[in-house]
Amino acid sequence: MIELGFFYLFAVIALGAALGVILLKNPVAAAMLLVVTLCALAAEYVLLGAEFSAAIQVLVYAGAIVILFTFVIMLLNLGQEEVGQLMGVSKWALLFSLLTGAAIILIQRLSVGRLPEAALSTLGSDNVYEVGMALFTRYLWPFELASLLILLAVIASIVIAKKPTLPARDA
Amino acid sequence: MSSIIPIEHSLILAFLLFFIGAAGVLIRRNLITVLMSIELMLNSANLLFVAASRQVGNVDGQVMMSFVVVIAACEAAIGLAMVIAIFRRYGNIKTEFLRALRG
Amino acid sequence: MIWMVLAFPLLGALLNGFLLPRRSKFLSHGVAVAAVGSAFLCACSVFLDFFAARRPQLHFGFEWLRAGKFVAPFELAVDQLSGLMILIITGIGTLIHIYAGGYMKEEETTYRFFAYLNLFIFMMLLLVLGNNLLVMFVGWEGVGLCSYLLIGYWFQEEANAKAGMKAFLVNRIGDIGFLIGIFLTFRHFGTVSFTELSSWINLMTTLPDPYPKAIFWITLSFFIGACGKSAQLPLYVWLPDAMAGPTPVSALIHAATMVTAGIFMMTRMSFFYYAAPDTMLIVAFVGAFTALFAATIALVQTDIKKVLAYSTVSQLGYMVLACGVGAFDAGVFHLLTHACFKALLFLGAGSVIFAMHHEQDMRRMGGLRKHLPITHAVMLIGVLAIIGVPGFSGFFSKDEILWKAFIFPTYGPILWGVGFLAAGCTAFYMVRLLCLTFYGPSYQDPHAHHHHHEPHETPWYMWAPLVILAFLSVAVGYLGVPDFLAHLVGGRNLFASYLEGLVYIPTSARSAWTHLHAEHAHSLEWGLMLTSVAWVTLAAGTAVFCYVNRPVRGIAGFLGAHFPRVHQLLLDKYRVDECYQQKIVTPLAEISTFLWQLFDVRILNGCVNWVGYLLMGTSGIASFRMTGSLHRYGFWVLAGTVGILVFSCF
Amino acid sequence: MELPVLDETAVQIIATVVKFLVVLVAVLHIPPVMIWVERRAPALMQRRRGPNRVGFFRWRLWGLLQTLADAVKLIFKEESVPGSAYRGFFHLAPLIGLIPTLLFVSSIPFGPGIEIGGWKISLSVIELDIGALFILAVTGIGVYGVTLAGWASNGKFSLLGSLRASAQMISYEIPLGLSLIPLVLIYGSLNLQQLIYAQSVVWKWGIFLSPISFFIFLICMFAETNRAPFDLSEGESELVAGFHTEYGSAKFALFFLSEYVAMFALSCLCSVLFFGGWQIPFVSHALLVSLLGVNLAALVGVATLLLKAAFFMWLYVWVRWTLPRFRYDQLMNLGWKFLLPLGLANICVTALVLAVMGA
Amino acid sequence: MHPYLPVLIVLAVALVIGLVMSFLSAFFGPKVPSAVKQEVFECGVPELGSRERMSVRFYLTAILFILFDIETVFLYLWARTFKSLGWFGIVEIFVFVAILVAGYVYVLKRKALEWE
């Protein structure tokens, strides 16, 4: 039960911070709240028994990807005044309520007797080891392909970011 | 580690996160915030993977989650590179300047 | 092992073409030679395996194409014919590769040259090894492509590029024949595999009509293909122009291997040809007249490579003649001997050209014997071989063909007579070439900027292949000593018995070809042989008389003085090219232009433009929602998702 | 002493809070002592006296109270915030910098377990199976403190200083992470306490089994804390004081605190990874337990670890007064073009050697 | 006890103590604000603010950091499973590292890491 309580706590933190990410005008604040969301989700992973996922979440997601965001914000030196306002919000309220209702009903209907019972016993205690073995045996090719993907991303981002583009046409 | 968190909770949390992310993509005019909202959506998928992994009882979901992190890293890198390029070209990063698809 | 034969040249081509550093000529040469040399060793092993087993071997690679009933596996066959061919291709190929390293020493882009050359070897091997028409066709087109690339190797000069283009286009005509042949074959027999086709032909003996009309058309279509590739009348015109390529290319592709593909293909399908006597007659006449026609042109040519090119056309005519009279084994034997001595002659000519700093006009040569002793010696052997001096390889193979032509029941003596005349011409122009080049005083152009360079013998790795080829030009002849001669020493025609079982007459067609195995008086054979020896000696002697130690007049001067129009006609190569230009190319171009103007510009473009204008006019009505705002698009995507979600709840 | 009303969980929670408070009080004493050392040590090297006046009445205590006075003074200073600063982040940044370092230092196993009233209590506040990854993760989060401080101050020296400092920190995080992998390969665990147990005898110490790792780790220790000779971010001549130019009073003290805590934590980590942690060389822990009992032996262990860490703290000071400062391009080149390939090569060689020895 | 509970405890206690410490001077220190005091320190010259933009190299450094951060994480996974995987794992990880090193070499070749 304690775990469920913590689950709710972190869920609320994650959702609140996520709302902040999309509503705050200051991009650095948004980035920091994104870190909060990510860390709260990492806590949820720990509660779900996925230690390694939590570690990679904090290490790579919060520690590296958001750093990149922060750097770019500071690089472009985007102050508050450069951030555009929100687009029309009224239809979002409608959409949001509809979607929430639909999703909750759907999840409820789905979960009645359809989801498999949680098979906790088969998950061992040494999470890192198990993930490693799965990754390096069954997911061998995706793993190697992932490295290729990273390579391509690095090359592409350097090409895009380094090369000075044409002067503005109509801005 | 012993108590069970019902998967419905994770599903609803993931769904809400996804929606917040999607809303962020749609209502923000700042490209960087749009990218961050995409990260939120990816995270909701991650949460689903991890929850499903626990439900099914093997670590495949967690492996997929680490691949999603890799993809998110690549997406962020290229997306931000494009933000820089767009900034150089237009002098700002508001999305309403990107209207090449106008019919 | 058989796959290694194919893999090495391909690997060499890939390495030279894409992977290796391009600066080092030594490296690219070494890689190319190593690739072909290894392929040769593997081919030897394959051949010995086959020879020990004496049974055709099939090697299934993978299923390549499947469309309905049409199945084409990627399958290779090693039998008497392809086993011999891979030895010729890789063996002579290796020698020429070694030689080419010296010949191409001053080029900048040798890697390109050797990549093409290795690719050619690969394609040629594919052509001869394929066990069905499609694999053969891949090789067929592949060698055409390589030939085009190599003829145009010095593409900076427009003439070379045009020569390559011409070869490519003329070959296309033949290829269309080949393709139609494949289509017809599949339509009538439902397969393109040689082994299956051959068993089909045997089965057909039980049918009431043993010779369906289709076989005539099939064989004729394939023969058109062979005419294109093997430079027969009327499609021979590309081969003389192909001499624009580097000389090793001429030796390898346009003398020893690729141009014999037509003869190879007809031999491969000999069971078809035996079943189509009408086609055979056409084949025989085309071959015989090509042999004479090209030989007469060669009489007056002054470019050393052009002489050899026409000589090649003429010799190919002999081989086609052999096929036409049903003596496929004689044709293949001549193919073998010709590969040796013609490669030798071309490489020798290449050495001369190399020594003369790329001078090709024989009127500017002369007296080279003392400068190029080795080249002279091997060229002499080559000339003796080609003109058919007894004891040299050409003698055995050419006489066999003439003999088989003579005993051909329909118009046999006429065919023999044409071939006989051509043999005389051959002897004349080859001796003329030898005399103009190596004997007499030197006629080097004193104004050439490199006149202070004395011609000098080529380095060892250029003359060593020549010596080997010279040895082969003598030796291989003894593989095919005719039976009546061999019986004198108690032997028999080794080559014919080797090919036995490959070239066979379908049971149903036996009656038409009884003469091939009929008994003939030995006196007739002896008589014909001695006649041709005498005739060749006479022609050669005339040439020596005309050209040794004399100012360059000879027969050209004689003809020029007494029959100027004949001389001009020969110099103009019977004006075939001009005729093609006037009667075919120009009208075609005009029709094309007309159709282009009418259909493309008016009708097709008109329709397309009209549709476009219509759409442009009306699209504004539908595009008012396309604001270009990603937010809006995204909103509707999400709204759709919500709709599906809501819908799925109920 | 019997505590029958408490169950295991409650005891452990109380023990965690107590352990953390002890650690916190301990690390709060590090900056004053270290600053005193940093002023006395160069004085010693340069044959002058250094601070020696401030004392307690007539006991001067070698000036030990000078830094205490400094600290008190800092607290009683006025807090000035630049008008153009982003106020919220300006106040938050020192905290964001401090908390990860506290998490870091809490995950160090200071000694073997003790036993109080029958409850077994480990001597690390946080003990995780993925300890090494945890430390890397919190180090990564720590970068935000520096970045935010500079950005929130909204001054060009601060911003440039913070960007430089954070770029430097992330650049050296990679070799730091890579340098630990050979140890994981050798000892087969990510748990720090298990790493220590694996180094039970001297010749199994990390420094002997993977000296190159130690070399890389040592350099990264200096770079990660922005200490000399890598203190580019606060190069006075060009950037005034780097990312904390605008900070004063207690918040300045917090930056100081987190820097010294990080130094201490890294020193402890270095001892744990490469020098057998709390184990005394040549004396087995079992022997110690049989001689002194569990609790006393554990205290000896803690003292041993602190002694080892103290050496590295001294090394920090020593290096600072010995080596000149690097240039920024030299710094980045060292990290990316030397340490990174070296770390990768080290991993490859270690793996190959292990595989060959195993096969 | 959940092994991660101490993390939470440390976080909470540290947050409280940190907050207290950072507001010490707000309680004890004087408050005499003035316009000049609130200017950003720029060595005494009139204030310009931090409006100029920074070099794109910081961004490239961060890109490379992400690249190798991911690699490090996967290397940890591999190191943990090294004893079970043996040579197979070595080959696998070498391919992985080789591909990433190709990216590293590319970055070096493009001179993206040259600081002037």
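First chain written, first letter: the chains are A, B, C, D and E, and each begins at residue 1.
Definition applied: a residue touches a chain if its C-beta (ideal position, glycine included) is under 8 Å from a C-beta of that chain, and two chains touch if they have at least 3 such contacts.
Everything numeric here is computed off the predicted structure, so don't read it as measured data.
J.: Identify the chains adjacent to both subunit A and subunit C in the sense defined at the top.
T.: For subunit A paired with subunit C, the chains in contact with each are B, in label order.
J.: For subunit B and subunit E, which third chains touch each of them?
T.: A chain counts here if it touches both subunit B and subunit E, which gives A.
J.: Which pair, A-D or A-B, has more C-beta contacts?
T.: A-B
J.: Would you kindly tell me how far, in whole Å, the mean C-alpha position of subunit B lies from that of subunit A?
T.: 5
J.: So what's the Cα centroid distance for subunit A and subunit E, whole Å?
T.: 18
J.: Can you give the whole-Å distance between the Cα centres of subunit B and subunit C?
T.: Chain centres of subunit B and subunit C, defined by C-alpha means, are spaced 63 Å apart.
J.: Using the average of all C-alpha atoms in each chain as its centre, how far is it in Å between subunit C and subunit D?
T.: Subunit C and subunit D have C-alpha centres separated by 80 Å.
J.: Please set out, as single numbers or ranges, the residues of subunit A touching at least two other chains.
T.: In subunit A, the residues touching two or more other chains are 3, 52, 55-56, 59-60, 63-65, 67-68, 71-72, 74-76, 87, 99, 103, 127-128, 131, 135, 150, 154, 157-158, 161.
J.: Which positions in subunit D touch two or more other chains at once?
T.: 128-129, 133, 136, 140, 159, 163, 167, 170, 190
J.: Show the residues in subunit B shared as contacts by 2 or more other chains, in ascending order.
T.: Within subunit B, the residues that touch at least two other chains are 1, 26-27, 66, 69-70, 73, 76-77, 80-81, 84, 95-96.
J.: Spell out all pairs of chains that touch, sorted by label.
T.: Here the touching chain pairs work out to A-B, A-C, A-D, A-E, B-C, B-E, D-E.
J.: If we count contacts the way the header does, which residues on subunit A are in touch with subunit D in the complex?
T.: 26, 28-29, 32, 35, 39, 51-52, 55, 58-59, 62-64, 67, 70-71, 74, 126-128
J.: Could you pull out which subunit A residues touch subunit B in their complex?
T.: The touching residues are 1-4, 7, 11, 14-15, 18-19, 21-22, 27, 30-31, 34, 37-38, 41, 44-45, 47-50, 52-53, 56-57, 60-61, 64-65, 68-69, 72-73, 75-76, 78, 82-89, 92, 96, 99-100, 103-104, 107-108, 111, 115-116, 118-123, 125, 127, 130-131, 134-135, 138-139, 142, 146, 149-150, 152-154, 156-158, 160-161, 163-169, 171.
J.: Taking the complex as given, what residues does subunit D use to touch subunit A?
T.: 86, 88-89, 128-130, 133-134, 136-141, 143-144, 147-148, 151, 159, 163, 166-167, 170, 190
J.: In the complex, go through subunit C and note every residue touching subunit B.
T.: 619, 623, 625-631, 633-635, 638
J.: If we count contacts the way the header does, which residues on subunit E are in touch with subunit D in the complex?
T.: So the residues of subunit E touching subunit D come out as 1, 3-7, 9-11, 13-15, 17-19, 21-26, 28-33, 35, 37-43, 47-50, 52, 54, 58, 61-62, 64-65, 68-69, 72-73, 75-76, 79-80, 82-83, 86-87, 90, 93-94, 97, 101, 104, 108, 113-116.
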